Amino acid sequence: MTQTPPDLVLEVNNIEVIYNKAVQALRGLSLAVPRGRIVALLGSNGAGKSTTLKAISRLLALEDGLLASGSIAFAGQDTAQLAPQQLVRRGLSHVMEGRRIFEDLTVEENLVASTYALSGRAGAGRPDFDLVYEYFPRLHERRRGLAGYLSGGEQQMLAIGRALIAQPTLMLLDEPSLGLSPKLTEDIFSIIARINAERGTSMLLVEQNATVALAVAHSGYIMENGKIVIDGPAERLAGDQDVREFYLGMGASGEARSFRELKHYKRRKRWLS
Amino acid sequence: MRIGTFKESYTADAALFDSRTQHAWLAIAGALLLLFPFVASDYWLYMACLVAINVASATGLNILTGYTGLVSLGQAAFMGLGAYTVAIMQARWGTPLLLNLLGGGFVAMLGGMVVGIPSLRVKGLYLAIVTIAASFIAHFLFANFQITGGTAGLSMQPGRILGIDLDTSFRLYWLIVPVMLLMLLGAANLFRTRIGRAFIAIRDRDISAEVLGIPLLRYKLLSFGLSSFYAGVAGGLWAYFFRVVTPESFPLSMSIFFLAAIIVGGMGSILGGILGAVFMTMVPELLKLVVDLLPGSADLAVFLSPVRLVVFGALIIGFLVFEPLGLAEMWRRTRRFFHLWPFRN
Amino acid sequence: METTPPRGRPAAPPLLQVDSVTLAFGGVRALSGVSFEVQPGSITAVIGPNGAGKTSLFNTISGFYRPTGGSIRFRGREITRLPPPERARLGLARSFQNIALFRGMTVLDNIKLGRHAHLKTNVFEALAYWGRARREEAELRRDIEERIIDFLEIDHIRHAPVAALPYGLQKRVEMARALAMQPEILMLDEPVAGMNREETEDMARFILDVRAEWGATVLMVEHDMGMVMDLSDHVVVLNFGQVIAQGTPAVVQADPEVGRAYLGSGDVQSLRAKLQAAARQGVAA
Amino acid sequence: QTGEDIVIGGSIPMTGVFAFAGVGINAGIQDYVKIVNDAGGIAGRKVRYVPEDTGYKVDVSVAAFKKITSQNKVHLYYGDSTGFAKTINPELERNGNILMAGASFATELNDPKKYPHQFLVGPDYTEMFGILLRHIAKEKPGAKVAFVYSDSEFGRDPIDSSEALAKQLGLSVPVKIMTPAGSVDVSTEVIKLRRAAPDYTIFHGYILAPIPEFITQGKQQGMKSKWMGTFWTMDSSTVMKMGPDGDGFMGVMPFRYYYDTEKAPMLEKIRAMRPEYQSTAYTQGFIATMLFLESAKRCLEANKPLNGDNLKAALNSIKDFDTGGLIGVPITISGNSIPVGRVYRADMKAQKMVAVSDWIQL
Amino acid sequence: MSEGFDWAYLFEISLTGVASGGLYALAALAFVMVYKATRVVNIAIGEMLMAGAYLFFTFASMWALPLWLAIPAAVLASGLLGAIIERTMIRPLLGEPPISVFMVTVGLASVLVGLVEMVWTADQRRLPDFMPTQPIVIGEAFLAPKVFWGAVIAAVFIAAVLLVFRFWRGGVALRATASDQGAAYSVGINVPRVFSLSWVVSAMLAAVSGIIVGSIGGISSSMGVFGLSVLVVVIVGGLDSVLGALVAGVVIGLVEALAGAYLGGEYKLLATFLVLVTILMARPYGMFGTREIERL
């Protein structure tokens, strides 16, 4: 509620979101991303993670969602008056859930479209397609093909590649590992870690793969039902008993649980009590 | 979610009208329909018949466009097929009225299915234009054939049923409204079964529907067939109603009218088709009434007529900007409001 | 190439046989000479890097793509030329990687739709909603409520429109619809993508239960190695459209080529160390 | 039965493709009703005019008819299109109380047996062609006459019968060109026309477009044809819009133009009421009303109740009736039409239509 | 074939057909601009032509402005009209079902016709002549000057648009917006700007086309029916293809001319629609339209 401390690139304060004038998806959610840090946001299906990201990037209106109360500051500035594309041009990139690539455009045209993020930004470098192709050689092979015909994983690569072109200062990543093979997931997270280390890009990372998310993140939040239920440094979260049980799939003894020995009844999560 | 109703069985849950309030409303509506002809003037009876014909045809189009997602701008032409069939059957063979109506429906259905053949490959607006093409071809045939009376068209004797000549709006009302209600019921039933679901699945994503076991061509043709059957019967009613059928009776603008009706009313909703057809038929008339109420209307009328066009267009735009999903959605919202009232947050 | 019978069961004639299937899109070879078999009652997994051709393989089996070469047999019957709806009727049921629910319908209607091919109501019965239509619908409703909705624990959303459901629930509805298809063979394309561990475990339990209670055979594509290795009887590894290995999970896991092409590793701590090393290396370079 | 108003209902196309005429018709009816009422009405009864806009759509017209007739006791009705006239005919027969005229000059309506309670306010389209062809046959015997018409009931109406008449009159019809409704670019048709090299070209089924384009392009390509039109094209303001190339355009007109100088007391009255130009549609509405009320008057004077049969009989009893000079000769209505007219020619310099023939009566 | 065949006639007719096809192409281009960027099927395209023509009529005939001023003024005023339409009726429907937006344009058509009748009445009018009146003579064949110059203007505009799309990344932005508005926002494309721009440009093209068409056939409140031919052309060419608009315009122009000349006026529409259906059966997305991506 006081002034934004200078080292927070993103500050979300007590926001509420309502869809279709009827469904409340977020109920007073607050979080912050320190500059240069990777922050993970975990939570079960329907907790409101994607909604949070859409509220930040101001893409809610397109889905009939309304930011009913609360405030969001990006780089110290309140975003309420900014249009989505203005935010992007100031360095806030959102890689949306479900890939959302331009299917009718070729791979390369997808990247070209992304250069709009650099319009009017002082100090932006030239768009670097080669960097993307270097990270994802597969895209280079398919660069003249229509993006709509790429496999699921290839589309995910393209979505991330597009965000790279935008040279953001804050990247919102919504399930980047969705549909990626384990190896590629690891590769992509190395890239994420690299971008973060090399360029100091801050990231807010929504992930279902808690293992990689907590491995790459500095700190994390866990949300349920539109609210944050716990937060803390990534190591501490990874050590939390419920997180281990519900997100990392480890038994009480700390051993990886087998999927064959699942119980039909589950322990209630501590944070729901 | 509704509160306050608890279903005893799955069948009750699947019933068309499920609550006591709804049954009460239904009874009231029925009583009104029964009483109406005895209190209304000739003009209002005329309008009621016209509305009923339009509701029937719009419902047919809703099956095809609203539920199956195949946009058609040929509804008027299919009505024309039905109307000509009825006129010819009556004049040539003197067959009974109900048989003629069925005949009109079937001929239109055949026509619709032929037009539907490209729908497996051709989609969206491309398909819509194919239906326009079809309606121009139909117009060409109507205007250049002997049996259809060329550009002058055909005139008809009033329909006869049970020895009664249907020559007044009052008498026609008792034919048109029941037939329309029957057609509405049929459509509503359809969407409780596998066939209706298959239509909706095709609308939402035809290729996955196919993998899930729905033969696309067969169902698209079925939808075209049903929709134009409805159009054909409506066209037959139209013929009995106006008793003159000419090639220019069923212009493209009429097809657009029906499309507008289901969009403004709410696509993929039986209620939407009804509301839309009523709205589109009545609004121009109501606007006239408003103009009449203004003082000094005689001279003003000349100026106000284009104003009515503007207002009419603006109403369509306004409604859609306000509620892109149509009147039916507005209705649902209102209902939800009252259902939850006073628990609304 | 070895084929192992499913654990603890006697060898039976295969339910599905994919025989040197080839599929090309213009220049892109999505599948080349893919062969494997699915034993009745087994859980078979197809894994492989992104773009390896797994989804294309599923599409070929369910008839959406015509293979350029090779054949597919179901219960020994040649189905390579059969149109997709016919295959659905035979009991080839599937879910989709890119969720393909019908967004204009409720959850319940989506599930009901799955049964389409097995119902018989014709147009006239439908218009009148009488006789067979009424009977079939009532029966279908009971079956779905009691066997599928309860089973998958989605009763709270049965009347919700699917469009607004969160991703994970949509996946579950996909599964429900596939179950409603009365599957002989249930093909699941990335059933747990986008789910957290807890939800993945739920899904894994459903899959095991489906086999146990419904006797369905499962063929799935999945990237979650933990789940694949724990659940499957047989694993087929695709890379660049070719089968590079197949066998029991243990056999596949031991294959060095598979490891290089595909498998990831580790728990949070070791992964973190690895990622940080990668990042440092990047900065240094 | 005194005291009750005599009601003239009207389905008037005040919007849509025919609005240009509807507006004039409406004013014409209004004005004549006013003249009569100011003079004390018909046999002491006031005349009331109840119009409704139709947008030139048949179903709207019918709705208007139902509305007006259910709210008023209507004996006289003005309807717009041919389609409406045909559609409403059974209703008229059933109703039995109404005499109807309208904006249509369709040949089909000129049949007292099929349309016993309707009449046309002028010659039907075939008769219009007849007047033109007679004029041509006199001016240039054996001439080649081309017909250009639109693909609509309106356009096709007189074509076949008139071709036969042309033969009878010793004229030849080297080409008949039908243009699709609403087409603007007619270059190919012009080529076809030029190759037929007609002496006269008669346009029918249009208002203005695409006639000017035909003439302009025809002249540019060196055609020597004279150009002619029928009633709905022939309003002065319409012809004047053809621009310089329209000079010399001719056509058939059953009424005098607003600015005609020949003696016509009624025209003077109109000019006094409305100082600005009034269209021929105005005159048409005006004369329709005049004939309506004359029939009503004759009925009432003969003490016959106002109904369709009586009104029509009264109308048909009109012999050598003076329209106050609006039609240049006294008229007699023996059937459903008034088969008289004359040929006018456009003088672009004076911005007027000038008569080039006598009144021709068929 | 037969000895008496009149080749000169065929040549003359074809020439005229091709030239009048140019007019279709220009109007079709106006349609394609909007569709390409916003996926809005603008059924009111004919009425927008009409609006442009009436604006020109007002400036040139009623206010008696000189032509070099009246034409740009009409085009700019049309652009403004396009902007207003986009802002008030199209943008509020961003993200709604395309069919609803389609219907809004139907409403728009009614509004425009009503406005024109209110301001200028429903009378047919003629536009001042501003094109050379010397007929174009090629060999034996005559070509109407207005049609010829109209076609030339159309060709120039289409060429310009084609070039712009080739060398300017805005073309990508347009298509990206059409493909997925949300994603377009997320890569920094100013979606509302793309929307307004495409409507403004489209309205301006429509005005040019309306002025030409109006100067040939005169103007009236019902000249919107020209839109139907435009619709046929864009379907044959492919809804989102500029090149398609050009080629299909010429094809349809030619088919109409030949059918009119050799079969008679009543066959013109029939012939074009038969051609349309045939082409769609062979190529369901028109000659150059983008096929929808169908994948599971």
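Order of writing sets the labels: A, B, C, D and E. Residues in every chain begin at 1.
Keep this in mind: a residue touches a chain if its C-beta (ideal position, glycine included) is under 8 Å from a C-beta of that chain, and two chains touch if they have at least 3 such contacts.
Chain labels with UniProt names: A = Amino acid/amide ABC transporter ATP-binding protein 2 (HAAT family); B = Amino acid/amide ABC transporter membrane protein 2 (HAAT family); C = Amino acid/amide ABC transporter ATP-binding protein 1 (HAAT family); E = Amino acid/amide ABC transporter membrane protein 1 (HAAT family).
Only a predicted model underlies this, so the values are computations on that prediction, with no experimental measurement involved.
By C-beta contact pairs, the most connected chain pair is A-C.
Here the CA centre of chain A is 75 Å from the CA centre of chain D. Centre-to-centre, using mean CA coordinates, chain A is 27 Å away from chain C. With centres defined as mean CA coordinates, chain E is found 32 Å away from chain B. Separating the centre of chain D from that of chain E, both taken as means of CA atoms, is a distance of 36 Å.
With touch defined as above, residues shared between interfaces to two or more other chains in chain B number as follows: 143, 207-208, 211, 305-306, 308-309. Those residues of chain A in touch with two or more other chains are numbered 149.
Residue positions 114, 117, 122, 228, 266, 269, 295-296 of chain E are each in touch with at least two other chains. Taken together, the chains touch in the following pairs: A-C, A-E, B-C, B-D, B-E, C-E, D-E. Considering their complex, residues 57, 59, 62-64, 83-85, 88-89, 93-96, 100-105, 109-110, 112-119, 146, 148-149, 162, 166 of chain A touch chain E. Taken in their complex, chain B has these residues touching chain E: 71, 118, 121-126, 129-130, 132-133, 136-137, 140, 143-144, 207-208, 211, 252, 256, 259-260, 263-264, 267, 303, 305-317, 320-321, 324-326. Of all the residues in chain E, the ones that touch chain B in their complex are 41, 43, 89, 92-93, 96-97, 99-104, 106-118, 122, 228, 231-232, 235, 239, 266, 269-270, 273-274, 276-277, 280-281, 284-286, 289, 292, 294, 296.
Across the complex, chain E meets chain A through its residues 94-95, 169, 172-173, 175-176, 178-192, 290, 293, 295. The residues of chain C lying in touch with chain B in their complex are 62-64, 83-85, 88-89, 94, 96, 100-105, 109, 112-117, 119, 121-123, 125-129, 133, 136-138, 141-142, 145, 159, 177, 181.
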